[in-house]
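Got a structure here, written out as structure tokens. Questions coming.
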């Protein structure tokens, strides 16, 4: 049996690349990294809205029209080896992130800190005070970005002592934190394709967590995870399939329970706006009317999703409920007729071979068939699919978007602003109006006006864009029923996961 | 008599590898052999297993490339001809192989086996081919209906006839017979030998007759060559060799023939085993087994000595 | 000695083959119309970042140069650095290979333990009911999709019966003795830690059975036919004429001869166990090389693909070299 | 001697004899019979799929999802309400396609490489066999994955990839066979008749290598279907909603505990067909054993 | 002289797809102690099957249908397999086969294979039996120090046959069966081996059955010769008489087929070929090839009867005693 102060999680750890906050970028890896490293701020659900709250920075001042941030560090903050957290560590951490320049680095660049200007923009006022000089962005953007896993502060002394060939300790921190992090846990070891082991940090500024040891066991196959948690060999099955979750929801079992929280990611269909029939907006709209959104939620996701056709997730600043589309074969056919495709056309539907996407593809395929569009499903590994997508080589793609930081800006830019060369650009929706609106909203410091701008953008977007947002998924876990606080810990999932909230009966 | 085939200083060395671990070594299967095969003769080659008889036959037909030496057919040097140039000689020289059970393609009808040569060499209408096959089969004592059967339906003797038909359908002048009867029962052997004799006369053939059975040689041959480990030990006309054998090896071969009906007797049999062709003895190749061996035999290799006209012998006893 | 020259020659041939493998894998991997950088950076990464990373990894260089870089690394024993993990590929392989090797060895053992007697049985009772049974039993092993049998067995032996653990190489709370060979069964025995040994053994049983059973048929089949072959040989009649009895004729005279071709098949099978482990590894959470290579391929992590493939090819060649040596040990005709 | 009858008759007799022999051997070999029946069954299903299948294999009907086996849906339905039985029946067509493709591709490449290497020997043999070794020592699944990625997605591309990997064994077999045959006297006799190498290779050696190769191919059918299924498990197989068996099994695995029918029936079908091919292949091999047949 | 072996009415069949091969059709053979019997005949006439039947080594698809094999007075067809192994095979009977190299197990050393036979014969373990191996090897003229550790493939044909002989004789059998022991060997080696075998059986006082297709070999080696044709024994006589005075037309034909050095005569052979034993000719199986065949031959199988003292023949020509012809 598993001891009371230990937590065993079964998860597919194949996606882990590095547990170094300067490198790690994927959701699951970020959760582990966040357990090992505290940042200046921390994201937490506050009244159901994910909000940046103080972490290593006890407080901050926003000066000079939102271009200067002064962070006051917590006095009692310590790394897991007992070293105090100082302004030097913070500066080092940010400069390190920029110097290493891996995937998350662009987020700091978003707020105006770059490798080139970092000596002028990241400054020490005193040992306990750090100053950042940023672009004039909405503070929520800046504070949210700093609260990501990449904002984790590392122990300069430890890291530099383990530097190899000027790598800023990248190799060293890849699979352990070893005293370099100030989070609630120390990352003890990551044995690839086997397990990750975390141990409580006795010096954690928020107080030592209840669970002393977290063992994340690599179980790549969902079915196996499900069996393990049912047998009680693990406390948490991190990623079971929707079918399994539904099975548990519909016929509860002793010993285990299902935890669901709204996820912060989007599942969408994007039509290449410069490809054949989709050049005509009516065709795009016809597709939007052809899709049976409810059926997807019901039969593919077994109800583990909520209808949201907007790019801003429920619970976010700027969200408005707006779900104008629902399956309407008549209307879709009419639109196609108007556009000159009464017989429909052939199109390739691209996606990657996860079970959910393939099932969605099958449904969408049959939906499209009803209005006369013959879709051929092509699945390819994500690596290939995204390569094709980035080359704008798709016709229709079925994919998802994970959110980087909890601010509407993190969605408006990719979905509406083709200039950032993100989704809008990939799917060749070169719409300047939408791009302008997205840019303007990002720079707006006043919340009310910001809200207005996003409203305008969303209304425009939902009408014009070649994206059909399918739903906002729910995340779910199967856990042993002696776990307490898992719901709270998971509440901000896909942005943040707080292991400290978990304990056991 | 004019020679139909002449070979000079012919050698054939094989590289052989016994197992995956061993270094390749050379087998001197044919080691410096010269002879003339007179037109119209039955030139027999005798010797024990591994002495190079088959290799000699295959060399003459250029089925394998000689290591060195010269082969002439009807006065023309064919040693260096490639397979294209050889085609026209293929019609003139043919072979009947040792093993009647493996010498016919098991999945082909007899008519295809026999007709293959015609198809290769002549562009003939199929009726014509049919007629020719039929003729030649009748010649060797088979019938038309046999054309539509597969080899496995025939007995050893019949197969050997099919093999002869295959060779003879091209009307060759020279035929290599590689132990044509050694796999057959005596009763069949007798009939086969008789057929060979008859065919030779009626088709004006010259045979190179390979065998290990001296009694058969006595019955059919006109000339005899005795080989041992790739060399000629003794050579001469049949009568000369049988009435006046010189080489101790020839004598022991003659001795070794069991004598049907002559009751029990004491025989002079060579001692020991045949040396491995991989490391043949120094000096005279036969000295290790020779009952009359002398000192010199183990040291020096004897030359060929002409005992009488056309009778050569390679033995120190006569130097 | 001759054995040495043989080995040297084989190693030389192996180099040629490995070079061929490198070329093929290089060409094939590059011909896949995807982009490793994009894959590793994820779907969100902006295109500039992707381009910048590609430049940094030297993936924008001409293909031939990249190949030369790779090969010169290989010659120095350096398989390059994984794009994904930014670690030397050789280090990754060293981490994952022992698990795969251990699994493949135990699976091979199981398939031999099952396959050889089944084959003998079949041959000895040719065309009897036992023969039919043995053959169908062994062929069923190759007939079922590994992931399907794997899950079924998992549900049965782990979930329903609870006899065997469900995932991983060892229990979470098992303390393993220090790493010597990386093979847990061996390491725990070396350390005399039977608790750990038992734990490791109970974990390996299911995956090894699933994997091993799938290889049983080929061994049983060749065992059967070679046994039938041998039983027809002249020397079997000699042995029978000696009056030594049926058991000795079969187990002393026939078996040893019949095993000779089986050894070759075991060698080939071992190769397929090494590489065929992917699915089993996935189902049983086995931290092995198969998953590593497949995952590298999905992410298009060129150095890892090349390194992993080359490594498997080396192991495969070495195994077959060993097999040939065993072959020679069994068959005196192969010595000399 | 008694050899009456015309050519025609004796030829027919001969064929009849041959058939009788084969039939006899086949009837002796119970498992081969079982194998034949299984394979024949499989092929019939494939041919008559539209007649046999009660429903459309790809049409989604969300009103009847996940129904357990019943008289209406004898194998039950899947998460989209598709009739599993119909999917399995139509899937047979895909598997037959797979098998034909693999046989043709890997058979042709394997035979061509094998007999050339075996017949000519020497440098040609060395070069060809090293190439074969390269493909042989390559992790097969990896190569298949890579090739199928290179060729583009889809079952058939995956199968082409598998065949491009799978010819090696055929090549080795054909090589061994042609090496054995080329040194037999009858080939030398044909050479003595003046036949060219090409003629010997195509007319005389190739037919003799065919049968062991066919046996091998029939034995490999199974592993090919399974490799395809494995690719499906890794997400590289058939494109949805193609009812490829391996893909159905793999998709159904998360229902294995509760809705066992989704992956169990196609899984059983895979097992039966693979078993059938193996038994048949073993049987053919036994029947063609020259020691038995002569 | 004591009767060692008496085979009567032996019938053996092989069940094949073509039908049942009636390989032996009531064979009668006998042998006294220390006697040498030759069995000759064309290929497929049942020589080996007779020998194997005596050793009880006929295996599926073959079957001994009927008959009696009295060995030292006991019918060995009534013994169980275990009893055969315990008392007869490798104890009182042994056998030498045609192809010596393939008759030895390629993966065991010669010494071991001989020791195994000795061990079984004397019910001792192989270690002890090894001590007796050198003696056996010396006996057949092999250098035991060298050859005891050789594998069969390292031997030449002659040496391997010597080793086989050593193995067969090491158990000091009452009955030695040699099935074409020399036909795979070279002519000079053949002669050596026959001479050796001759000496050894004289010393060992074994009874021998020598199977050969070579009448010459048989007549030199044996006291008595049995001629077989298509599963029947057709003539038995002592070895001089059979050449000088063959009775059966088949035997005559056989003799006239043998080329003899110096005897410049035409070889006539026997027309036709051996019958298919699935559907053998009715009556005398030789009748389709026989020049003297008459009606009765087609109807009735002639019985083996003693026409002259010690000279048995199965032919209707002699139903009324010996006629000249």
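A, B, C, D and E label the chains in the order they appear, each numbered from 1.
In this text, a residue touches a chain if its C-beta (ideal position, glycine included) is under 8 Å from a C-beta of that chain, and two chains touch if they have at least 3 such contacts.
Not measured: the values here are computed from a predicted model.
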Each chain counted as touching subunit D and subunit E at once: B, C
Winner on C-beta contact pairs when C-D is weighed against A-D: C-D
Inter-centroid spacing, subunit E versus subunit A (mean Cα positions, whole Å): 90
Interchain centroid distance [CA atoms averaged], subunit B/subunit D, Å: 47
Cα-centroid distance, subunit C relative to subunit E, in whole angstrom: 53
Centroid distance [mean C-alpha coordinates] between subunit E and subunit B, Å: 32
Residues of subunit C whose C-beta touches two or more other chains: 32-34, 151, 155, 159, 282, 298, 333, 336
Contacts with two or more other chains, residues of subunit B listed in rising order: none
Multi-partner residues of subunit A (each touching 2 or more other chains): 223, 227, 380-381, 384
Residue numbers on subunit C that touch subunit E, as the complex places them: 233-235, 237-246, 253, 256-257, 260, 330-333, 336
Sites on subunit B touched by subunit E in the complex: 48-49, 155-158, 185-191, 193-194, 212-216, 218-219, 242, 252-265, 267, 269-271, 273-274, 276, 289
Subunit D - residues contacting subunit B, complex: 3, 5-7, 10-11, 14, 184-186, 188-197, 199, 204, 207-208, 294
Of all residues in subunit C, those that touch subunit A in their complex: 32-36, 38-50, 52, 84-87, 92, 95-96, 151, 154-155, 158-159, 162, 165-169, 172, 281-285, 287-288, 291-292, 295, 298-300
Contact set on subunit A toward subunit C in their complex: 2, 8, 10, 14, 17-18, 23, 25-26, 101, 103, 105-106, 170-171, 174, 191-195, 215, 217-221, 223-224, 227-228, 230-231, 233, 380-390, 399-402, 404, 414, 420-422, 425
